[in-house]
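Letters are used for the chains, namely A, B, C and D, taken in the order the chains are written, and counting of residues starts over at 1 for each.
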Amino acid sequence: MKIPAGVPVTTWRVRVGYVDTDQAHVVHHSTYLRYLEAARVEYLREHGLDYRSFELDQRLALPVVEVRLRYKLPARFDDLLELKTWVAAVNRAKLRFDTLIFRGDELLNHAEISLCCIDVVAQRICSMPASLLALAPRS
Amino acid sequence: MKIPAGVPVTTWRVRVGYVDTDQAHVVHHSTYLRYLEAARVEYLREHGLDYRSFELDQRLALPVVEVRLRYKLPARFDDLLELKTWVAAVNRAKLRFDTLIFRGDELLNHAEISLCCIDVVAQRICSMPASLLALAPRS
Amino acid sequence: MKIPAGVPVTTWRVRVGYVDTDQAHVVHHSTYLRYLEAARVEYLREHGLDYRSFELDQRLALPVVEVRLRYKLPARFDDLLELKTWVAAVNRAKLRFDTLIFRGDELLNHAEISLCCIDVVAQRICSMPASLLALAPRS
Amino acid sequence: MKIPAGVPVTTWRVRVGYVDTDQAHVVHHSTYLRYLEAARVEYLREHGLDYRSFELDQRLALPVVEVRLRYKLPARFDDLLELKTWVAAVNRAKLRFDTLIFRGDELLNHAEISLCCIDVVAQRICSMPASLLALAPRS
């Protein structure tokens, strides 16, 4: 997995907490889903979409429908990690964010997270709104 | 802290997960708040109060307003823990649950968790309903 | 994804905690990795392998190298979930557990979790030991 | 609880994640223990003590022995919080950090967290080292 040429990439940084580790002295594999979620929220903010008001005002939400993570190298307590996130694909049914997680130059993990859009009031799947379709990578 | 004579006590058991540990090879101190919450939900269920319908149907909720935890001995991965929970005090303003956490005969932790009652619709503090005042320990 | 005919399946049950939910009123997508881990530990225990002593005595560990999760339906607070787990594949390099997560008859999620084996002392990848190769599904 | 005059205070900021919320639409009460831990690590770093090397090189650790939290106002998704942390007391047996958690000018929570010192190799309580005794507030 590589960052495609020309796509906008958002970098989000996090310092690994003690609570994020487990007794194997590495970051627990579930922790990355927390980090990835925060990175997507920052991606959206950088592109003019405030996820809080997306839910509260537009009454739409973006639940996760598929997760694919590959773990290459472990992160450790107090490491500074960089998550580089871009939109890999978007259509009316799905929005997929890809992320590479780095510690300095080392690539630790790959992630592909797919979201659908739901109408919070009707509690039903709906089409991605134009504001999200506009995030489609140019070819 | 001891279990007062004559109070109803609910015992809830949990097996420590790998994710619950940290790199000190013990259960992370924040994990116990998850366990304690589940123990309170079971206490209420044993006393005829389903917390899900308390929120959904009665539109009341019991947020935590104070936590006091004393950690005596660490728990470790795969330990079987027993949480013994009772109502230490209740009045119109507050409901306090006390819990002792055991591994076999060893007392690991003490907890005192105080809750208030809020009206979910009004988003305002309200009086404890009769169903909770009825949990008052007899003297 | 279906449970293959003839494979041993371990069922592990969990009641959804309040802390497991998020403000969308459903179980947060990261929570399932906690549940899945506990289900794998029980699978191993049912097959005579105590994961605690695997790490402490044999000085081996099974870190997660790949996660694939598909979320079909949301779980909610206080739901009772059943995780049905089996070994989908194992060779010297990898052990893959598949899990279906049910609420009663409803299938909520699919999971495929791949683990490798590491020598804890050398901090190096090693071959799966015979005790794990023996979990291979019969064809 | 107020910040005592003249004590050094470390400010640590965090943006509330979606995963940090629960179905009451507020930050779950257990989440603050994660935030408080990160704030203490930054306090120590600002005072020349790297907690990672404290464990790895000095072979000492600072487990939590007592937690006291009072929750005044809820935090919500995407809020920016400020944790103001200082050393309230330290002696050979205990180190106590106090923290006030703010959202802008609003005080949300109070926390008092007490730690002891253990010798990691001997797995035994030991005296606070001079580097920590030096954090004592001046009177």
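Keep in mind that, in the parts below, a contact is a pair of C-beta atoms (placed from the backbone, for glycine too) under 8 Å apart; a residue touches a chain by one contact, two chains touch by 3 or more.
All figures in this text were calculated on a predicted structure; none of them were measured in a lab.
Where touching is counted per the definition, the chains common to chain C and chain D are A, B.
For the pair chain A and chain B, the distance between mean C-alpha positions equals 34 Å. With each centre defined as the average position of its C-alpha atoms, the distance from chain A to chain D rounds to 29 Å.
The distance from the centre of chain B to the centre of chain D, with each centre set as the mean of the Cα atoms, comes to 23 Å. Shared interface positions of chain C, defined as residues touching 2 or more other chains, are 18-19, 23-24, 26, 30, 33-34, 37, 77.
In terms of which chains touch, the assembly is arranged so that all chains touch all other chains. Note for the complex: chain A touches chain C at residues 23-24, 26, 29-30, 33-34, 37, 55, 61, 63-71, 74, 120. If you check the complex, the residues on chain B that touch chain A are 18-19, 21-26, 28, 30, 77.
Taken together, the chain A residues at the contact with chain D in this complex read 15, 17-19, 33-34, 37-38, 41, 50-52, 76-78.
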